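Every chain is named by a letter (A, B, C, D and E) in the order it is written, and numbering of its residues begins at 1.
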Amino acid sequence: MAEPLLSLSGVTSGYGQIQVLWGMDLAVNAGEVVALVGSNGAGKSTLLRTISGQLAPSAGSIRFDGTEIGGSRPDIILKAGIAHVPEGRRLFRGLTVRDNLLLGAYLRTDKQAIADDLEWVFELFPILRERQRQDATTLSGGEQQMCAVGRGIMSRPRLLMIDELSLGLSPRMVEHLGNALVALNKAGQTILLVEQDVMTAFELSNRAYIVENGRVARTGASAELARDPTVSDAYLSI
Amino acid sequence: MSDPILRLEGVSKTFGGLKALTDVSFGLNEGEVVGLIGPNGAGKTTLVNVVTGNLRRSSGRIMFEGEDVGLQKPYQAARRGLARTFQIVQPFPAMTVLENVTAGALFGGGAASVGDARDKARQSLEFVGLAPLADRPAANLALAARKRLELAKSLAMNPKVLMLDEVNAGLNSSEIDGALDLIRKIADSGVTVLIIEHLMKVVLSLSKRLLVLHHGQLIADGPSREIVSDERVIEAYLGQKFAARLKEMHHG
Amino acid sequence: QEVIKIGAPLALTGGLADEGKKQDIVWKMWVEKVNAAGGLQVGDKKMKVELIEYDYQSEGQRASQLAEKLINDDKVQFLFAPFGSGHTKIVAGVGERYQIPTIACVASSESVFDQTFKHLFGTLSPNGGMTTAMVKLFKEKYPETKTIAVLGRDDVFPKSMAEGIAKAAEAQGLTVAYKELYPVGTMDHAAALSSIKATKPDWIYITGYTQDLILARKQMQDLGVTAPIVTMVTGPSYKEFTEGLGKLANGITSSSWWHHATSYTGEGVWPTTAAFYEEFKAKTGGDPDYVHGSCAAAGEVIADALERTGSLDKAKLRDAIAATDIQTFYGPIKFGPNGMNLPRELPIIQVQDETIKVLAPAAIKNADMIAMPK
Amino acid sequence: MKPLPLYASLVVGLAILAAAPLYGDNYVVRTAAIVAMYGALATSWNFIGGFTGYPSFSTAAFFGLGAYVGALCQRSGVPMVVAWAIASVAVAAFAALLGGILLRLRGHYFAIGSIAVVELCRLIVSSWSSLTGGGDGLNLPLVQGTPEDLMRFFLMVMLVILAASLLVTILVDRSRLGFGLRCIHQNEDAAAMVGVNTTAYKVAAYTLSAVFCAAAGATYASWTGYIDPTDSFQIVLTVKVVVMALLGGAGTILGPAIGAAAFVLLEEVFWANFIDWNRAILGLVIVVLIFFLPGGLLSLRRRLMPGGAA
Amino acid sequence: MAIYLQTLVNGLMLGALYACLAVGFSLVWGVLNVINMLHGSFIILGGYLTYFAWHAYGIHPVIMLPVVAALMFALGFALQRGLINKVVSAPVLTTLTLTFGLDMILYNAMTYFFTATPRRITLDLGAISLGPITLPVDRLLGTGLALLLTLLLYAVMRGSSIGRAIVAVRMDRMAAELMGIRTDRIYAITFGIGALMAGAAGVVFATIFPITTNVTGIWLGKAFVVCVVGGLGSVPGALVGGLVLGLVESFAGHWFGPQQAMTAGFLLMLVLLLTRPTGLVGVKGYE
């Protein structure tokens, strides 16, 4: 098998004195959807922040496409091809939907390709085209999530990381977004997904990691994990 | 049945041109646990804000214990016994857990002195199981503990009606189970509870009655089982797939 | 050997720094000259003079603090008050409390002297004398002058001048077409000047600090506001004004307390006005203005009182100063009951060809008045 | 701080100031009085700025209004001490009214609003010449007595004001009011939700922050004997007081007063020794303090004596 | 009638200058959340640089404009990068105190080196008469430059990706980092732009107003008022705020006398603070 697109080995990280990740090992292959699930505070968001360069790992290595990126600045990692859609969407107030999307392409200079990609995002989420002149933070929660994902796509990442896709969204909206992600993956996008709702996570992904206390507790194909009674007892009681 | 403890009569709220609530009417009976669901932006949080005086209703009446409280300030609501939690938890970050709860007992709970309030705060912390963390700064708490703190603070205020805005969002299953027990315990002590939640598991396991908001309008109000199979609710909120999953669970 | 100590809280930085530096220059000149001559005569011995200056940064509160420091820590026997009526009041209050004679060199508003202070003396004549004579002269020269517009800075001295001129003008039959004050900190006079323009006055009279007046003159030009007579008090008394405005200063009239063109003779280190002028010019390269003159004269007041008293006794010195009656290069100095120098005919000046000419009084007149150039 | 060391340091501090006439000349006594005055101003500011966390810049307005009300009363024949009392009460009432309006603003906007009050007061006082004398300023009757007696007298008055402000600080700190103000500081919405009448509490804090400033202003006016709008309503004064409080430790009981003492003394030293550069040196000290002592001087104690902190 | 027209024109010209003076201050406040007490001194520093270049070497202010702008940008950038960035997320009072301290140093240095003597550049460009109204050419030029600069900045903020990045950083620093935006650099650039605009205003002002350190506080005060009137952090806000303030001062000065002109400005600001804290054209959430 070829080298995975992203691979972490023995990554530790945290906030100042507080260590959160205790030696994480993880791999994402090109073309996959990988889900990260785990209890609250397990360190999922911390992991994504460490990958995207907002936090520097205190040990271990993070390799992306054959080069070490651990501890690099966020802009460098983004340039390398990793986009991070943060928890809570974090759209920019005071900027239109369109400007928010364009900010996703901040580091890019290929004007024509940017315009094409914008068009593509609008095709993926037609509601955004309708609302493109509206202040992004006046969208409803689901629309905001679409805008956030769209903004992530705009950097044309090779790996798209989404934190808490469904948090605070109505079940119907989650279904809708899930469909969009599947479409995106079909078009070749590699996705690393953090999701609190384990059922949704397993449905959307090929493989999953279960994170506990800053370490990987289980990993495997999503379909298998979903059938595993020990997993469903701990995580799947609706 | 006696008069509802809290009753909304034709309450509307507009933000500029946006109608966040339109002509909402319902009542909560004393001791009842009621769930409030609806899509994002339906107006759930706005409804709580209007009841507690954080926002001023545009029209309609809000009756609490037979009195129109539509013009009250938040602090008056708190003193009357209308407590709430925030969707985004709002502790006093630099104060200890105990001090946070003491504030609730002192101002909302009508404690006579800071000392008395502290005693009462200890009891609430005991009740929610946070007593061991009493002297930690609130800012250092993990999310689940922070949500518990929010509950303890509300409890210290001797609430008659407690409105919980997504207190379970972001908690994992075992944490949710703990929270459920706690909310049940609170309800058993006679407090009327209104739960806002997107997690159907929580809503359904606690409340026999559901209210559904959609585009600021109350589109359904009735027994939970009926509501979740109501076509309009499925269309507006649950979505077909989820509704099917729910149905399966009930049958299975 | 004992020395005579004179204390001076000065504005060496802050808003009044330029004025403060003028005081600093002449006082130092005076002290140097006195000490070179062996000191001041006190009784049968000569005593050196020590001048102790502190910068009060143009802040009133600090001025009073420093006056106190000078008296308590440095044990000065005399105080020189700083520039301006407001700060003079503050320092004079301290001097009064400690019964230290305070010579105010640059305060001309009667309100400073009407507080029954027994230890405050001022070398400037009351500014009341500046207005009546001016109206009279201008009316004589330009009998068709009917209306006057007055714009003044809301601050002790400029305000009293503005009110004074309006009163004097009315008393002599002129109509006051416009009279307003502008607050400290005004950076734009366009509104006031446009209003003045609309009243088409024969005479425009503006008071303020140099910086205000430069701005006002410039804006008058910009907005095409003019009148046959334009007076700015005390603008042309300062070389900063004429230098800052260049040609635009031409034609502007003003009054002053002293001008180096006058020729007085008297006692002290500089026997004649010319002697002072020469020395000043040699030292600084510029012309002295009334601030320089008045401050240097303040030293002579102290010298004279010491000589007459012959001792350093506080009470005697005060009485001696009160009884001052001397002639100096700056003119006669004799204090009235309120401690102010007696009124005298003050020079009325005009900028002509970018230099200062004296229009009155007749004794020192060196040019005829001209109308404002168009 | 535990009560005992707190009271001890408070008494020692006040005693050192009060004893100034015993160990220093008039100039030292004067400096002590100025320390006491700024101490009172900074302690007052602490109610709104430290406890409540509202960045108020109104100090100079209260100080100046106090000076003017006191001066006007004295000029119309009211005995001096009564005039001071009237000034304090009148300005407190003014602050309560103003607070009701201004405290609806938060954060930067409140800061700006409170600064604008200073400027507006200056402009209004200076244009209302019929009452205030406008730019001419006002003279007050000079207090009779030898300079030494007067200086001691005013030192004592300033000390009384300082002591009173500290006493009230201690009382507030231990009361419901203090608790509520700290809640507001932390999170105003949450405070309202637990039942704190935030408006009333904030107005109370704002009023407390005014009353001692007014007393100090009125006293200061009687002391100098002359006031004018420019010197009475100085933005610099306002900012200086805030810097003092931050320097000592905002929100602590003694911090602001200690900060005031440190600031005044530093100012004295620099400005006596570095005529041309005193302002810059003071600025440098401020910059350095922001970087190395962000919690104020009182945090030094905690750093030097870990475990000694309460 | 003529007098009203003249008053209107006076107000608009003054207003454009106010806008130019305030826009940098507003941006720094809005984006960095820093009330920059140095702003007044920056303006005067720009003025001094222009004056001395003109006085000593006869360099025309218009030529000095880009030079001063570049120098001031560098100064602002360096100050932010080296000092202010270290406390940029601290509470208002901390950053305000820091810039206050820095201002004391700059003020002192300028007074020391340049003295307090008011300086002014006299261009003597005359005036144009349009019927009953008079338009002084140098002020007109200043107004034009001020407007041009402000509009230029608007274009940059609106159309360029740096502009979008500035807004993004202002709204959500963390999320901006995820867009690959280097926030510390954007902060420094923003502070640099703030200083640049102050310096540019100083160049324009040197030909119109006396340049002296005594007036730093006055200009800072105007910047405050303009920001609140127009709304924080946006270029159109500063423009509208400046024009409104200029008009209010001009008309108040005409109707109620110059003594009330500044009072009217401050009253307007207080009223707006209380009724529309977002300012006349402010966007919700910009506070």
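The rule we apply is simple: a residue touches a chain if its C-beta (ideal position, glycine included) is under 8 Å from a C-beta of that chain, and two chains touch if they have at least 3 such contacts.
As the structure is a computational prediction, the values presented were derived from the model and not from experiment.
Enquirer: Fewest touch steps from subunit A to subunit D?
Expert: The fewest steps needed to get from subunit A to subunit D is 2.
Enquirer: Give me the chains shared as neighbours by subunit B and subunit D.
Expert: none
Enquirer: So which chains are sitting against subunit A and subunit E at once?
Expert: none
Enquirer: Just grab the chain with the largest centre-to-centre distance to subunit B, centres being mean Cα coordinates.
Expert: Most distant chain from subunit B: C.
Enquirer: With respect to inter-chain C-beta contacts, which pair, A-B or C-E, contains the greater number?
Expert: More contacting C-beta pairs are found at C-E.
Enquirer: Starting from the mean Cα coordinates of subunit C and subunit D, work out the distance between those two points in Å.
Expert: Computed value for the inter-centroid distance: 37 Å.
Enquirer: CA centre of subunit A versus CA centre of subunit C: separation in Å?
Expert: Chain centres of subunit A and subunit C, defined by C-alpha means, are spaced 77 Å apart.
Enquirer: Report the inter-chain centroid distance for subunit D and subunit E in whole angstrom, where each centroid is the mean of the CA atoms.
Expert: Computed value for the inter-centroid distance: 31 Å.
Enquirer: Going by the contact rule already set, what residues in subunit E reach two or more other chains?
Expert: 108, 217, 221, 259, 262-263
Enquirer: Run through the chains and report each pair that touches.
Expert: Every pair of chains meeting the touch criterion: A-B, A-E, B-D, C-D, C-E, D-E.
Enquirer: So in the complex, the part of subunit D that touches subunit C is made up of which residues?
Expert: Checking each residue of subunit D against subunit C gives 25-27, 30, 34, 123, 126-127, 129, 134-137, 139, 142, 147, 150, 224-226, 228-231, 234, 236, 271, 275-276, 278-279.
Enquirer: In the complex of these two chains, what residues of subunit C are touching subunit D?
Expert: Residues 12-13, 54-55, 57, 59-61, 64-65, 68-69, 71-73, 86, 89-90, 93, 96-98, 109, 111, 115, 153-156, 158-160, 181, 183-184 of subunit C touch subunit D in their complex.
Enquirer: Give the list of subunit A residues in touch with subunit E in this complex.
Expert: Per the touch definition, subunit A meets subunit E at residues 52, 54, 73-75, 78-79, 83-84, 86, 90-95, 99, 102-104, 106-107, 135, 137, 151, 155.
Enquirer: Can you list the subunit D residues touching subunit B in their complex?
Expert: For subunit D paired with subunit B, touching residues are 174-176, 179-180, 182-183, 186-187, 189-199.
Enquirer: Name, in rising order, each residue of subunit E that touches subunit D in their complex.
Expert: 29, 33, 35, 37, 83, 86-87, 90-94, 96-98, 100-105, 107-109, 112, 217, 221, 224-225, 227-228, 232, 259-260, 262-263, 266-267, 269-270, 273-274, 277, 287
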